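Both of the next two complexes hold chain A, though its partner changes from chain B to chain C.
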Partner chain A sequence: MPSATMNPTPSPPALAAEGRVATGPQVGRSLPRLEAREKVTGRAEYTHNLRLPGMLYGKVVRSTIAHGRIRSIDASAAKAVPGVYQVVAGEDVIKVIPHPYYGPAFHDQPILAIGKVHYVGEPIAVVLAEDPHVAETAATLVVAEYEELPAVYDELEAAQNRVLVHDELKPAGTFADLKHLKGVRGTNIALDYQLRKGDVEKAFAEAAHVFEHEFRTQKVLHLAFEPFVSIADYKGDRLTLYTASQGPSFVRIEIARLLGWPENRVRVKVPFLGGGYGGKLYIKLEALVTALSMIAKRPVKVSLPMEEVFYTITRHPMTFRIKSGVDEHGRITARRCEVFWNGGAYADIGPRVAQKSGFTASGPYDIENVSIDSYALYTNQPPAGALRGFGVPQLVWAYESHTDMMARALRIDPLEFRRRNITREGGRHATGTPLEDAAVEKVLEHVAARMNWSKPFDRGTGAVRRGRGLAIAIKAVISPTTSVAIVNVNADGSTTLYCGTVDMGQGSDTAMAQIVGEILNIPAESVNVVPRDTDVTPYDMGTLGSRSLFHMGHAVKRAAEEARDKIASLARELGLPKGSNYSVADLFQKKYGMQAGNIVGAGVYKPDYVPPQPGTGLTPNVTPFWMVSGVGAEVEVDTETGHVRVTRLLNVCDIGRPINPKICESQISGAATMQLGFTMFEKMHFDGGQVTNASLADYKIPGFHDLPAAFENETVEAYQSNGPFGGKGVGEVATFCVSPAIGNAIDDAVGVRLTELPLNPEAVLRALRAKENRPLEDA
Partner chain B sequence: MTALRTISFTLNGKQVSAQIAPHHSLLEVVRNDFSLYGARESCGQGLCGCCTLIVDGRAVSGCLYLAAFADGAAVETIESLDRDNVLDPVQEAFIEEGAFQCGFCTPGFVLMVKQLLDEHPDPDDDRIRDYLSGNLCRCGAYPEILRAVKSAARKRRASKAA
Partner chain C sequence: MTPFELAEPLTVADALRFLDPDDSTVRPLGGGTALMLMMKAGVFRPTRLVSLRRIASLSRITALPDGGLVIGALTPLSDVEHSTEVARRAGVIVRTMRRLSNVRVRNVATIGGCLAHGDPHMDLPPVLMALDASIAVAGRTGKRTLKVENLFAGYYETVLKRDEIITELHIPAQGGRRAAYLKCTTGSADDWPALGVAVSFEAEGSAISAPRVVVSAATEKATRLNGAEAVLSGATIDDALLARAGDAAADEAETISDVRGSAPYKRELLRVYVRRAVRQAFEAERPLSSPPPLAREGREGAQGGAH
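Let's look at the complex of A and B:
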């Protein structure tokens, strides 16, 4: 890691009294996570563990069909089971929440299905009981009858609007670019985003070569090991939610809206999360448990078993049609992108994925003429949302495969072809926003150097062939969003930080404490980071999209600076000369005559932003920072079985200056490992809208044996000039390039090109056999 | 509903008893009756290792292990490791190497690594990967876990030598 002070030895948690003066810089320390001891002893707090007195357990009954009208729900047999407290359906919910539809972009998702169901697995009823086993048994006895309607599963078919998922569109009204969709009927398109720069058609006509390809990605999911879990405790005029959520502020605002309450009557408490990766955003079970607790007048917990996670939220499958014109010098002159996002039955954050990631669909390339159309589509599948990369890994799979296919066709080395086309520091992205502090060139050259790209490569012999590939990508952080933080210096000088960023494993509590420590000159270990609780922790837009270190980092820094300045003015007020070595505790003592008082600093951060022009999508400031990464991959392909072994995976990222280098490195390797699963084998299989592999037994995720023999995670020397201490977000950056780098390496090894994920043995073997003109028969 | 029966076993060295139904898993019993939350359910199918418990010296998947079978057995959980507020060398190594992110899988890994090192005090990479292939980490902390196992092995050898 660059320019970092490595300090691998964990210092013991400093006592408040000792914790006044830091032993050195806090930013740049590889400090172990503050909560490390709780985690290794099994004592860390998760919502999963929580039980409240008098609590009921809810078991969800789910739709067995993909699309249809509900004729009846018969719960009589379930109600007759001894120990069942109540069975709740959509009509019961309406009695306590008259308009029970939620969602961040569209208010389209009902708490329990009302009138219609839109996907297999949609919640239609809940059985409540004191014993979760009783609820589970009784849930199997609930019988629903439906009038089935035609369903649409594929995003391209959905775009034809022949089968309609919803009768009418219901945008939430918070986003200007969705307003025109209000009340629109006869369409599945939940957002149509456009970018127009130059004249693509003219450029295609003038180009020496034109290439057009289509790529697809499969449906995969987060599968955090702590499955979705929420508890509601409704007490007449107060509601407390305990929930595994990445966005406590959003939950509070949305639940308050559903109830018609002021925000301050809803309290959302979030301990550590057993993984999130974008899955635990917005509303998942929170509205459901709220309604259940209001109906039952008791605390209610709903904790999903792993199978039901498959029916809650997934990543977006996507079809990407990409067309590029190239001149005689191998320069890309025009690119047209058409991206179709399969958003499933409810919009969730899909329309934002379509736009905020859609605008990067033309990649880190300097292209005169660009046209992007990005469509968020409703289908009768489980809803899709954000998953570690907000759509960008799917886009990069397509555009970096396309880049290699063009290079091969033009007989230009893939590295050289990229060198000719990348946007360099200070150049402009397709939106017109300058690409500043975005080390595209540096990352590409780092990958090339570490892969020994210019040297000959052993291609293997016999049945096992070797190949190598590379890829490079950018992402913009979603903008504009706001974070607020409070730093409280107590009378003994010990310090408490209140911030709503949720630590789901990325180490945010530790990084934020380091920022406070740096400003106040105290050890990060001595900072108490208060677990998220909307009664005390201030607003934060959400822990998502790699935004926290940058946005909340700034807010925390400002809050700490304000506290520091107030301490200094207190010293002045007390007549102490500058530089006198009074401790903070002494100041309070002197001021109040005893150990008393606080100094409170607050910080708010919202970056500058210029909204894109409608129609063209152009703007001089679309994002406060860019994420950049590249991957080099080496593979061995068994031409007899189609089996691919990734022998080397080199992940190179621009993460600015790391606040905690060691935690950053583990974010990079963790993200790459997850993406390796999405690349090589993970896939939700469907039959008539029904997931047929909804369990960890049938849906394989990466284990120890899937780790490449050579797995290198590196960063380039970089500094984000507008970031807190030069830092920026790290959570997603290493996911972008894994899939295309491996796809390109497979092509390099055996000359077949896969255009759909995952790159499993069957897909590779089919492609190999098709190339030899002896295709495998369909199973 | 179902008839309850009483089982007795030792839990982290203490003699205890619990009222159980035939379908109760040992994981439910240690969590619900004894408030030990270090073992936790994730996959519910014996595939991830988050629910690892030690029964008569062997690691088992607590989510599948019926409580009835624990009658008369010696059961240990992750909470037994730091009873005197002193961490096990495996736990220390996990902290030093940062061998976790969200920590949900961590107690299971720690218990498996302890068992691995009891059987193989100086395991090589292949041995570690094989032995731990029944534990999954969705955060993908595998490289750090690998380093932690080796460092824990060194610590244990050093303390034996001392």
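Let's look at the complex of A and C:
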């Protein structure tokens, strides 16, 4: 039976490794997304479209106060609404899940508030009904009474521990550096990370110049176009979750833990995601719908309107106090960093942000003496978690603004000042880990060349002044983490990939298919990437922190290699001479006498890692790879209104070797655009813990008119030697430097320095007026 | 959002019958772009919406022989934006449209909805006030006409009764009047304005007469600025005059703080934007034989990027 008639795509040659190439190289192709057609024709599967027979809709009732004890929840009026199935509160949840607290770092977040509420918007009850409109109407009739407690919103105030968000800390036990916090009382500090290298105080005393600045960032959020949505279908001894999650394996493990079940009784299915950006990690609605389905004994769906997304998860606001000592040659000799992360009411992954990003707080600079303290803090705000960069964009905003401020004060060109201080290839990062395959110097020089930095610059006339700025940064990938993949070659030679990386729009399915195609010498388009389903797809730590292409890429490559090797040994077993042109289908036919069988390859990847020494944070291997990026920005500032127009934004990244250059470019431009919004105007406004602009009508993200006229997204020639095909992650890298490059350009244009984001027109005008000694009245 | 009744009458008379003077949960529906936001936010829970979309007579643009325009209240904003008659007779409206929200909203939102909503952040009302436009209003007891300038009673409040419908907008012939609208956003480019300034006046050489200066978005409702108008009226345009007009505007307007900016900041913006709007109107629509342009300053325009 000739396999070509069975299979529309060309059958892969059996012994690709032996040099008979039927298809071109797959890695390095700018292959359009495999799912693009499905998406634009509206056929792609999303959790929002899914309905199960007998399904109930849940509408969440939320706390209206920031901190207080719940006196009573009166649901009688809601229950009286025709069509209401049930109203569920925290005490009902306890009956089915006795310890209903979840979280990746701390088991601090209740499924529904129990006893106390800790932020405005915290879920206190859910109305269930067959008709979502009925649930919505009834939810407005639930009345809660509280005994209000003082609240703390600011991270610096929280660090004083005068108002306490939680009575007692409850670390999850999974992270070694959190164990000492178990049962601790009287504090809001959910992690105090430290790095100590050299003697900072001594170096400050000996320095020719010492600079100290404080920077802040505002609260912003992910705003994926698909809001949170989860469905649970509880069937007594089995549970199926359909959810928009970036981490199906974590969801399975955590839900199994809450239920006291083995993992294999919980099934988590994740179709495509309409964006994630770190928001859809860990547990969001999954534990809630699980409890609701257990209580109602029917499938339950909760899908949030965009307005409620503002009360679910956000990015960390931060205060960063940075102090540097510089010698007479313009070399930084010492740096002390104190970073305070405003984690909101529940820790989520905040303590990891404090540590895993905290250790890069001193930047891509070669500094002899470094001291870093990074604190994760509880406050009475909506929780903060991972958001495209895991804290690094906030840190870079501070340290790269600080770099320019020092250069200006010392009258050294900002580029030259960086040249004197960056860590070069093979040098050591503050942790003691060598910077290998980290193109810090190359990226900096690329930015300088493309910006024509040494050439004169038009500074504008009249009310409009022009300026330019640059910035550079590094990030480590969260480590150590594990990915597993399975490649299944079917009897006709067609190939299926099982991997838990969630394609949320970043194009991972396409890149993983390219890796399989490269190894098996088949077109990437012919690879079927199975939708995420924990009953089928193996473990993956999560689609986060730019880790997937590297970790899962390795696992997929290994799985494909194992399959390839098994094909080769089957050929040998069948006694086929080397170089014979049997197809894979022919091998199966020959082996089983019919179109039958599979060849399964599995791959696991976990990088080497040496845990940091407690107290000093030092380690020779903190990360398997570094992400590096630089930005050059040109701006026009209207000195009468404070409006800043970014006329040019140049993003330069080291992403190793791009597996799919086109997808990489859109990751870079997308990340930079997102960061442009966070830099220029995005801000969650609060009044007594309440978000006053919690809708897309009042919280604006960049549109096409906000893009810089010149928007250049480039990569430097690079190769990650331990990466799959020289590749590494690209999802976050272009977020790092946008804010400080623009802040530096504003200073260059009009001589004012903003230390807090966003750089909105009012902030700029206020700074200009203050400088002219005619300050604007306070608001 | 809870279910409600949707009425789709074919005539104005039928539409009026569906409305109820005593029931705040019954409302006319134009494009629905504003209503849907309110319904999603839960601030408006209708029992009945009376859609005006099937009343064919309400979505026409008519050019009057005297140079004026009549625009049906159900005309979508994008029809107005692309009308050559509107471009010729009141070009400032077309220029305003380009940055009024986005094309998706403009395709659906209607002239009547823009006015009846009473939202001070709308871009068109100040422009229409500067053009001295009026509206025709139909009620059960008959019709009345109303200057747009007298339509707004306060923050999201108009003088319309619950059972009244705006049927038409009338823009008088502008003759040689010059006009400009400047939208100032402090968020994204397609955000609602933090400040809107509309001006129109006659100019004889460098002499200005019959000025109308309107502020919106930064104030409780779109408001004419009589002080600024008085400064401009009969005066000769130069940099000092513009500065004085801006100062007068800043002194007289009661700006309010919100997520788009503080009151003091908006006052400063107003000072600058009144100056720029008058200058832009004067220059942009300058007849060929007029005096040379004034010194150039900050760059922006009705559709340019003051963002």
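To be clear about the criterion, the second predicted complex is superposed on the first by the 757 of 779 C-alpha atoms of A that agree within 3 Å, B and C clash if a C-alpha of one lies under 4 Å from a C-alpha of the other, contacts with A are read in each partner's own complex, and residues count from 1 in each chain.
The rule is short, and it goes like this: contacts are C-beta pairs under 8 Å (C-beta built on N, C-alpha and C of every residue); 3 or more make two chains touch, one makes a residue touch a chain.
Since this is a predicted model, take the numbers as computed values, not measurements.
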Partner chain in contact with A:305 - chain B first, chain C second, else both or neither: both
Which of chain B and chain C A:572 touches, first, second, both or neither: neither
Partner chain(s) touched by A:670 [first = chain B, second = chain C, both, neither]: first
Touched chain A residues, chain B compared with chain C: B
Contacts of A:133 with chain B and chain C, given as first, second, both or neither: both
Partner chain in contact with A:33 - chain B first, chain C second, else both or neither: first
Contacts of A:640 with chain B and chain C, given as first, second, both or neither: second
Chain B versus chain C as contact partner of A:162, first or second or both or neither: neither
Contacts of A:69 with chain B and chain C, given as first, second, both or neither: neither
First (chain B), second (chain C), both or neither touched by A:695: both
Common ground on chain A, meaning residues reached by chain C in one complex and by chain B in the other: 133, 305, 695, 697, 701-703, 705
Residues of chain C that touch chain A when the two form their complex: 1-3, 37, 40-42, 99, 102, 184, 186-192, 257, 259, 261-265, 268-269, 272-273, 295-300, 305-307
Partner chain C, residues of chain A touching it in the complex: 133, 136-137, 140, 305, 307, 462-464, 638, 640-641, 643, 645, 677, 681-683, 685, 692-693, 695, 697-698, 700-703, 705-706, 760-762, 765-766, 776-779
In the complex, chain B residues that touch chain A: 1, 21, 23, 31-32, 36-40, 42-45, 47-48, 50, 77-79, 81-82, 87, 91, 94-96, 98, 100-107, 110, 128-130, 132-133, 135-144
Chain A residues touching chain B - in the complex, by the definition given at the top: 8-10, 32-33, 35-44, 46, 48-49, 51, 82-83, 131, 133-134, 222-227, 272-277, 305-306, 504-507, 662-663, 666-667, 669-674, 695-697, 701-705, 707, 711, 713
